[in-house]
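Letters A, B, C and D mark the chains in the order given here, with residues in each chain numbered from 1 onward.
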Amino acid sequence: MIIVLKPDCTAAQVKSFTDSLTEEYKVKVNTWVGTHSTVLGLIGDTSVIDIEYIAAQDVVDSVKRVQEPYKKANRKFHPDNTVITLPGGQKIGDGNLCIMAGPCSVETEEQICYVAERVKAAGAQFLRGGAFKPRTSPYAFQGLHASGLELLRKAREHTGLPIVTEIMSTAHLPLFEDVDIIQVGARNMQNFELLKELGKLRKPILLKRGLANTIEETLMSAEYIMAGGNEQVILCERGIRTYETYTRNTLDISAVPIFKKLSHLPVIVDPSHASGIASLVEPLAMAAVAAGADGLMIEVHNNPAKALSDGAQSLTPDQFDHVAKRVFAAAKVLKEDM
Amino acid sequence: MIIVLKPDCTAAQVKSFTDSLTEEYKVKVNTWVGTHSTVLGLIGDTSVIDIEYIAAQDVVDSVKRVQEPYKKANRKFHPDNTVITLPGGQKIGDGNLCIMAGPCSVETEEQICYVAERVKAAGAQFLRGGAFKPRTSPYAFQGLHASGLELLRKAREHTGLPIVTEIMSTAHLPLFEDVDIIQVGARNMQNFELLKELGKLRKPILLKRGLANTIEETLMSAEYIMAGGNEQVILCERGIRTYETYTRNTLDISAVPIFKKLSHLPVIVDPSHASGIASLVEPLAMAAVAAGADGLMIEVHNNPAKALSDGAQSLTPDQFDHVAKRVFAAAKVLKEDM
Amino acid sequence: MIIVLKPDCTAAQVKSFTDSLTEEYKVKVNTWVGTHSTVLGLIGDTSVIDIEYIAAQDVVDSVKRVQEPYKKANRKFHPDNTVITLPGGQKIGDGNLCIMAGPCSVETEEQICYVAERVKAAGAQFLRGGAFKPRTSPYAFQGLHASGLELLRKAREHTGLPIVTEIMSTAHLPLFEDVDIIQVGARNMQNFELLKELGKLRKPILLKRGLANTIEETLMSAEYIMAGGNEQVILCERGIRTYETYTRNTLDISAVPIFKKLSHLPVIVDPSHASGIASLVEPLAMAAVAAGADGLMIEVHNNPAKALSDGAQSLTPDQFDHVAKRVFAAAKVLKEDM
Amino acid sequence: MIIVLKPDCTAAQVKSFTDSLTEEYKVKVNTWVGTHSTVLGLIGDTSVIDIEYIAAQDVVDSVKRVQEPYKKANRKFHPDNTVITLPGGQKIGDGNLCIMAGPCSVETEEQICYVAERVKAAGAQFLRGGAFKPRTSPYAFQGLHASGLELLRKAREHTGLPIVTEIMSTAHLPLFEDVDIIQVGARNMQNFELLKELGKLRKPILLKRGLANTIEETLMSAEYIMAGGNEQVILCERGIRTYETYTRNTLDISAVPIFKKLSHLPVIVDPSHASGIASLVEPLAMAAVAAGADGLMIEVHNNPAKALSDGAQSLTPDQFDHVAKRVFAAAKVLKEDM
């Protein structure tokens, strides 16, 4: 951490501030006195230092981190890719493309079992489906809740696909005991109380990047879960909010190689939510694979026009067959090629 | 609601779609057949219709709302300003300027009581202070939790000021029974499970606009609380995320007159979080008052350089005296003038 | 165009407004009277109607376009892809991947000739290089101007590669007579006087999307050039400005399939400017190809650390060899596959 | 300027890089060797150093400016406010509120003279009006050009109000010789060739902040003009592009106190373009004055519904009377109060 002090600091002020840093944080402080300003360099573990606290000090002009503020999610300290293995043997992050597919909302047993069969046949290794749905309007369909989770379990029995589904409150945790991968939605990425509870579990957490969160903030939210001891975190880029209105969100494709560079965690992409438009799912899924994503999360519905949520971005099973064929082919070629 | 159908729809498709709308939503549908496309106009209560569901239909090209999707928060149905009155007689939204002031985090009894005295002396009618702090880093100070709430109660006893403090999880609700105004922070504005629980209470909720949420989404979150029966919602503009990095967020000052136009709820502004810079609090507070805000929320700390959070944006009690004097003077003149 | 009138319009107002529309724009107006409001549907060529003018009318509540406001750039009226063929036979938009590569700034004859040779050897079909450089600071290197263009011509003679270079002012047009493809930079995308002059030429124009311009605005700027009679426009996605600071800009990869859907013009991607980081050029170039781009524009410099501009995002010739090999291989596979 | 070197730099690399900095930029370099990385501090005039050039060096990890990259626009070197005085004695930046008002587009002699009379009567000291209009669509009204300027001159003769009007191309400069204040529109804020030409003049330039430009970039564009010797620059905040769609742009009210802090130049606000909605002009104008703006630019049209451009955001003369009365009253009180 580099701290630039204000030009008019006295030597006594510099000393007093330097001493306080040494004491409070057990860091070594190097002082460099320039013509206009004094610069301090902190050596040691600065990830525990609150940069805003430092910035608030009277004597401080500005602060710059040299080290990232996350440790457990940081590739520097874990150079190898994390591979998450489910009890059934499915792997995420081992160099193969994993696909999580299914409807936005679980609606009926027939629906979820049919979609599960179809996505499995197309090559998806995981079934996604929402039982608790975050909706902007209190008057919109909010999901089937416990009975939706029950239907997901039936579809799992039926097909053997592990299930991925979103949690919206710590109060619902008991219902999620049997869920294979728990998803944290974009709107809850900084619901820190929820993250802390998920850190106590020992099962994979799919963490979606928030609507307007930075790459660093996303890694800090992963750090929340990992700090609790649960190191099975999967990062998911799902589009960010920008001024462009043609798509629902703007897929930040650069986030894929950046997450891979900064962190050892697996990275997947959700082209369905990123665009909100079914016809864009294929090109965005292809782009994600080409950019190095470890997996995809894609919405598939037996009858998108009758979907209780997000129909406009859902693929039909036939459309998904086509997309899956193309992305697996591309992943194979790209892997050989690297 | 205006629905533009795709150019190639058959008459049978139009009829089938129109019939389904009439049945499902009990609305009247007017059909207008143009040269290129057919347009439908829906009459009745369309606030319960999920616009995305409509957009997902095969026959639909695009949809446009004419009515807003919120009802209880809508000024059209409640032309008079809502005035929230606390048991102690304090009012929000009655045309007078209300100020909520205090430290970002509650730290010690001395601190909170001293700040409470000082902000009361300067004219603040409410004491703010955080006991549960949403922090980006798991390694940063997270607040004193239950004991922080206890200290706030002591400061209330000491000064008579009602207290405003943030809740982060439904699990903490029992601790907040005695809190006068419960704050929902920006990161939780779309924590819908939390909003639903707050809708069951009968006490004022201060709802902060999310980091990257629209004005309409903010009103929809207010609607979540109000739909549960709790109509005491205070809207708070606290800056939105943009590309500009000089300030922590960009205060969307236009939101003040827009919220006032679209809704009957009181609107306050938090210039401290909006800018993240203490020296900007005064001009932004002045701007908020001039734009028609009903109140302000301002961070004041006895010793900002030693604040455990957000010191860079906190005013000292002396600085707050000055700001309070200016904003009350401006509010008085502006009120006479209108 | 659908126009929703204000609820309190009188029949006389509706008639008077409708008559004025019919007269001024030679459109047919269908009127649909609802319970709360009257809706007008305009039939005919509405692309010449100024939507803001309509929105400003006293009787108008809101307006919605059904037709896009661009015609010449619109795929609806030109279903086939535009293929741009240069005098030397190079084609853009014919289904093959075209690559424009070279340094940000032309610096010396040795530099530009060497880079031209290297990028040609790697498969690039066009040489890019800046002679007029838009720089944020007046104190930064502004390019070699006329002598830079002269050096580009020498490199063209040397290698046979057509040259692509940016124009910054109509005053420089005479210097660009011999340039093969004239580039309009992101900062000039809405320099309408420049666009009008380029519309009078009969040579390809590479139009970069502005820093914060929408997809529709980009197509409207293409329309400016095409309205003047020059239909050889190449669209270039180069990243947009968002709140994320890790990359210089955020590559809007979705823009590639959207531009291809809405328009018949060729679409290329500039991963160098989109990220500002050399190590991201490869994954973003791969993503662009996978998303369906017709080409790439990539910065290559003999010695990035000594580049007079944009060194941080430039590849060395060796790095470019690798990227070119991978993107050509991917393009080949993806083409077979489609 | 603080430069953090990569952890694995050798002593020889550090020395070689340090030497090159000393030679090229005539700065003194202080070297501080930490445990993990070496940090360099540059002393001297670093405003001429291209930060991107430094960042591109192999040995460099990151760079941080301590000094701002602008000099002539910088308050540090010019502590007193710049006051711009027109030949007719009107002043901008002397502590009084100046208002520039008039129609978006000049349309007819009657229109511009009538509006000029009315805004003068209401207290405006300058007449604004567009003769060259930047329009998104090539099919929209582009202004009356030379004859529009002629009409502005007539209105000036008629009322004595100096005129403010936008230039869109260096090619039009001869037509602007007689214009009192030349406006650079948001879309041309980084049209550097235009800025350079305006730097050669000796008359006030009103520089509008670009649609998606930062505060620092705006000051750098002012620096372009000032570097040419023309120090009469007026900064204008007119709203930035964000994800919020209710308003056309988002007025960045914080920019007012920040511009005043960083620079000595006068700062005005354009609430008409910032919102695009006539009813928001008053609250935003009030907010601008309260935040410390030196002036306002407001669109006024004799008949907004018939305005050839921007009618939706124009005030009628009667509405402007009311706004002017309120803002002058507020400015008077606020001035006394400070």
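Quick note on the criterion: a residue touches a chain if its C-beta (ideal position, glycine included) is under 8 Å from a C-beta of that chain, and two chains touch if they have at least 3 such contacts.
Quantities reported herein were computed from a predicted structural model and do not represent experimental measurements.
Peer 1: Please identify which chain has its centre, taken as the mean of its CA atoms, farthest from the centre of chain C.
Peer 2: So the chain farthest away from chain C turns out to be B.
Peer 1: Taking the mean of the C-alpha atoms as each chain's centre, how many Å separate chain B from chain D?
Peer 2: 32
Peer 1: What whole-number Å value describes the gap between the mean CA coordinates of chain A and chain B?
Peer 2: So the centroids are 27 Å from each other.
Peer 1: Can you list the residues of chain D that touch 2 or more other chains?
Peer 2: Residues 212, 241-243, 245 of chain D touch two or more partner chains.
Peer 1: Based on the touch definition given at the start, go ahead and assign the chain network to line, ring, star, complete or other.
Peer 2: complete
Peer 1: Provide the residue numbers of chain B that touch chain A in the complex, in ascending order.
Peer 2: Per the stated touch rule, the residues are 47-48, 50, 52-53, 55-58, 69, 134-142, 168-172, 187-188, 190-194, 196, 211-212, 217, 220, 223-224, 227, 241, 304-305, 307-314.
Peer 1: Can you list the chain A residues touching chain D in their complex?
Peer 2: Going through chain A, the ones touching chain D are 2, 4, 28, 30, 32, 34-37, 39, 41, 43, 61-62, 64, 66, 212, 241-243, 245.
Peer 1: Which residues of chain A touch chain C in the complex?
Peer 2: Interface residues on the chain A side: 212, 214-216, 240, 242-247, 250-258, 261, 274-275, 279-280, 283-284, 286-292, 326, 329-330, 333-334, 337.
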